[in-house]
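Chain lettering (A, B and C) follows the sequence in which the chains are written, and residue indices restart at 1 in each chain.
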Amino acid sequence: MSSSTSPTGGPWRLHPDRALPADPTTRDLARSIYSSTRDLPIVSMHGHVDAAMLNADQPFGDPAEVFVVPDHYLVRMIVSQGVPHDSLGVPRRDGGPVEADPRAIWRTFCEHWHLYRGTPTRFWLEHVFVEVFGVTERPSADSADRLYDAITERLATPEFRPLALVDSLGMEILATTDPATATLADHGALAERGWGERIVPTFRPDALLHLDAPTWAADVALLAERADLAVDSYDGYLRALEARRRAFLAAGARATDHGHLAADTTPLSAEDAGRIFAAALRGEVTTAEATAFSGHMLFEMARMSTEDGLTMQLHPGVLRNHDPQVLTQRGPDVGYDIPVSTEFSRSLRPLLEAFGHHPDLRFIVFTVDETIYSRELAPLAGVYPAMKLGAPWWFLDTPDGMRRFREMVTDTAGFYNTTGFVDDTRAFFSIPARHDLARRVDAGFLARLVAEHRLDLDEAAETAVDLAYRLPQQAYPALR
Amino acid sequence: MSSSTSPTGGPWRLHPDRALPADPTTRDLARSIYSSTRDLPIVSMHGHVDAAMLNADQPFGDPAEVFVVPDHYLVRMIVSQGVPHDSLGVPRRDGGPVEADPRAIWRTFCEHWHLYRGTPTRFWLEHVFVEVFGVTERPSADSADRLYDAITERLATPEFRPLALVDSLGMEILATTDPATATLADHGALAERGWGERIVPTFRPDALLHLDAPTWAADVALLAERADLAVDSYDGYLRALEARRRAFLAAGARATDHGHLAADTTPLSAEDAGRIFAAALRGEVTTAEATAFSGHMLFEMARMSTEDGLTMQLHPGVLRNHDPQVLTQRGPDVGYDIPVSTEFSRSLRPLLEAFGHHPDLRFIVFTVDETIYSRELAPLAGVYPAMKLGAPWWFLDTPDGMRRFREMVTDTAGFYNTTGFVDDTRAFFSIPARHDLARRVDAGFLARLVAEHRLDLDEAAETAVDLAYRLPQQAYPALR
Amino acid sequence: MSSSTSPTGGPWRLHPDRALPADPTTRDLARSIYSSTRDLPIVSMHGHVDAAMLNADQPFGDPAEVFVVPDHYLVRMIVSQGVPHDSLGVPRRDGGPVEADPRAIWRTFCEHWHLYRGTPTRFWLEHVFVEVFGVTERPSADSADRLYDAITERLATPEFRPLALVDSLGMEILATTDPATATLADHGALAERGWGERIVPTFRPDALLHLDAPTWAADVALLAERADLAVDSYDGYLRALEARRRAFLAAGARATDHGHLAADTTPLSAEDAGRIFAAALRGEVTTAEATAFSGHMLFEMARMSTEDGLTMQLHPGVLRNHDPQVLTQRGPDVGYDIPVSTEFSRSLRPLLEAFGHHPDLRFIVFTVDETIYSRELAPLAGVYPAMKLGAPWWFLDTPDGMRRFREMVTDTAGFYNTTGFVDDTRAFFSIPARHDLARRVDAGFLARLVAEHRLDLDEAAETAVDLAYRLPQQAYPALR
């Protein structure tokens, strides 16, 4: 299909104007706006980097282990062209053999570089390879081995240890995401070494809120152990969750994170909640009861956030593990999570009715369903003080996706009912690239407003800084 | 967050090319097209300006009373940042105290000017302040008092009385929206003074069509009184509605206006309609029956329009009063109406099957759900002669919203199955600004077609005039 | 409303840059990219041109018969403005009189030329009139008769016989769509004359898969006859369908084509399928059973495709014959097919779970609901190897529609999980115009990526060729 990209001579360089608008008038303005944000520190409040990895602070592995195998964006694209997971070294749950030679995996990746044309993955990888690793050749079958060696060499240097990179890549603060039952030992150890203000946990109780999850009973047992409280009733369960939130707060957490299939937030009566919880303890909960309970618990989580101040993050609308065989063979998070149509106007109503004007609630909503930007999310965030719109999420965290978000949201919600840029990745190296791309795209959007005389340039530059830096800080304030 | 906008020197002026495309080729074309429509008279057929205010023709109040307190666009944006309604002087239903100093309210508004960056509200306000009031400073904490004084001074002049402004602002015709039970006395008095052809009522029977509305019984009693007919049966009810439509026609009305939650138009049998109506009279109607009846009545309203010629306007899909506490405290129309996903293809089918080819029906559909532009509305309006698409409505009445509407609708419905621009506002002063913005955006869209050699310039200019002036006239013809 | 377009002097010519972006930087790049694809052969794999017409190879009829009467795009637009079908010569099922003078029909069409402003229909017609017929005047009331004569004269020449045009218009391969019960005699005759590799049938079994269709019993009887197999049981039905697929394969078919209202692919147990089929044979099937069976049969069709290799095409989401009176009077395909909201993530799951990784399945999905591009289709096609996204379909086969498709799909699915351009029309003459438009729009999209430094120019040119030529070939490979 495609020959690999052939450099047109000279080493691979990234154009300073990449992802800025093409029209010269607008581009000049965008450049000027982007210059205000390019070098700002990174506030990364929704990350999924592993806390243990940061605490261990050991050298990263080989290029395949760092860039290919764990990145579901990369893997899914190559798999979509018929390359089996095995060839990419994605582990099998049964321990069966998969490609074990990192150089072969890396080569497979480089041979498929053309698949990423026009994708944000390509933008991020280019940024990482050139800006962070100093690579001078495009990936291709021909260059694969040389790139492998060049990256491997860098990864072995002390400057490429995780914590050194947190510093050198400009990450002012980096949040991890941690199950509600986490010991937080890694964060504790990091805090002892002075990283407590910069690497903070996030409270993610999903596993405990879905009563019909196969692991629920085990998770509840673990919750009791971690909280050192009996969880033999709904009341005990609430108290244990509150205790864990306090432990996260003490460890520096600023937020909770909730991934539900639907956005429903309808509260149950205490009686109904108690009855359903008891049924779950007996292993007799129905799917309908579990679903109702999970919506109820979003309401309860908002209530707790009004009390302890943790920013509440909700990102609904993803049908996880679309292919059950892949789940069985490879586990979750290998690229088979597919968005579904999601409703917010009615679903969030109970939560917003109860807490939407509460001065101590910050409730941030993400979506992978862009059809509800102008119809539901902007009208809601444009009136309820507690609600803010997170950045375009996951499949929408793209140049055109971010532009559409601003175009469909700003009319009704303005800029100041959004959180500014929030990344969402387990790919550590891509974090600066993602922030850089968002700053470029927001500069382009603001530049168009200026070029169309809908905004003044000084306002645009100020707004750009707000989106890149101040708004994320305000959305996730320090609570200790 | 934001310092106020600082003028970069010299008085505040609006750029003549504002809201035109930035690309120089396209902008030149857009300028040329816009010059054909800039000075056309305003045809405002879907307004919500108060007829009593027009008839009284008294000086407007202070700047807060004119611009801030009654404008839910302005209020909701400031409320969304945590400023209480009280500070903005929004009255409480219980008569409790709210900010009563208009200067303080105005100051709060000016201090929050940065919130409107990138919003159509900002565009409209700039137009009004600079073009209509001759203001020379941007709103800010610093300029607030000076702006207040300047605007107040203007408002006191005879040129700023309502009817003088209808003239000087170029409003050729201005429709109000009036409940089906209105006496139409203000319109009568205006007609006696020679304004009968320029200020016309619109028949809005919503309150009478929703059998489960708390005020329904009282409204039906009022209907009987106004129509001077017994409304003790479904037949009497239909006859009274028809009589009121005739009274509106006699007063110059050109249209009816229907705001329903869903677009359902399924007719009931006369027996079922009669049975449900009788139950409503006894106070025993169910929600399901009332919902079915309201869909049935849309069908009946279309039938009546085929008989009396009133243009029928439908705008479904808004969940009113999302926060019931705000409704209790402040009443409706303070910013808490939120769109929901709406279906049209199946819902409008009964109406279109019966009347979609009727030569005497003009049926105009508005939406706040832009996902159905290309999927449902353009295909329907692109084949049924009776159906036309209204302008992008409410949250979509924005530069980018109007552009998306044209981009998603024109392919299948063309320009001539739309009504051209129709404003929808109770903010009297914003009417010319809204028409001006629409003319600019349509000029920009047409200019792109010309720049891409998909349309000739003479065609574009003619189409622009049609959209700004001729199509609205044709969509709402005079019936007397 | 509109005077006809007046040429500004000189003969009507099409601008070489039409439908390319207006910004000069981007246009230069787009020109360069388009020059790589402009003259490539046409691969037309989803057409609805009549095989009998091709085999007969007789001169086409008059301009009205060729361009107006059978083209539902043209007819619906004029009908939408209140012109009755009769005036356009659309035949009545009862044989009642309609306009029979082709010159009068043509004149009506030309008088309404302004309705097509901004539509793809205009773009296609301009291309055909100017590029294929050498017309030098724009359609208008004034020019109608001259255009009629000029086109009629051309149509009478040997160069304008169907098979000569297949050659001269650059159609390397042209697929027709044929009911599963077709004799394929026309294809046989074409093959004998050496056209067997260039004009191929497509297997369309819709009529047989919807057990509650009024013609189902007759179609099943015909199926038995064509397959020469008893179809008195579900097993016999499956065997007969498989036999017909083999017959189509032998006749050169490369694909199947499925138009269902919903995208459901849930399989039934063999017992349930057999029971429902038996009920249908007795004329006792319920709507719910028939709907479930049709979803089951999509699953079965995918299974058969894994066995015989026919590419499977699905295009769901159209409510056919929206106005039942028009159906009664004029039959199907006269412009009253209206899209409805469609769900894919859950609906396709059974099919993809079973066959989404099957190395021998090519499963192509089309939609007229663009809201699911980024939410469902791109995420699905971006991971399941068997699934590819067809081109924007029907109401979305437009300059802006194709641009939006690329903008919303490429981020997640890239270019190489799409099929490249696939036309879908019964309007023979429009086929080259549609491919030309797609090549221009894709060149414009790719040019923007280059202008924004997100892609290199050599990559863009290569990708353009893939989209125009190589990907359609790969999506519909030859199977004989």
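Operating definition for what follows: contacts are C-beta pairs under 8 Å (C-beta built on N, C-alpha and C of every residue); 3 or more make two chains touch, one makes a residue touch a chain.
All values derive from a computational prediction rather than experimental measurement.
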Proportion of interface numbers common to chain A and chain B (over half same, under half different):
different
What is the Cα-based rotation angle between copies chain B and chain C, on a 0 to 180° scale and rounded to a multiple of 5?
120
Between chain A and chain B, tell me the centre distance in angstrom, where each centre is the average of that chain's C-alpha atoms.
40
Of all residues in chain B, the ones touching two or more other chains
23, 371
Chain B-touching residues of chain A, taken from the complex the two chains share:
23, 25-26, 343, 345-346, 349, 352-353, 356-357, 359, 371, 374-376, 378-385, 406-408, 410-417, 448-449, 451-456, 458-459, 462-463, 466, 470, 474
Write out the stretch or stretches of chain A touching chain C in their complex.
1-3, 5-6, 8, 14-15, 17-24, 76-77, 79-82, 114-120, 122-123, 319, 322-325, 335-341, 368-371, 395-396, 398-401, 404
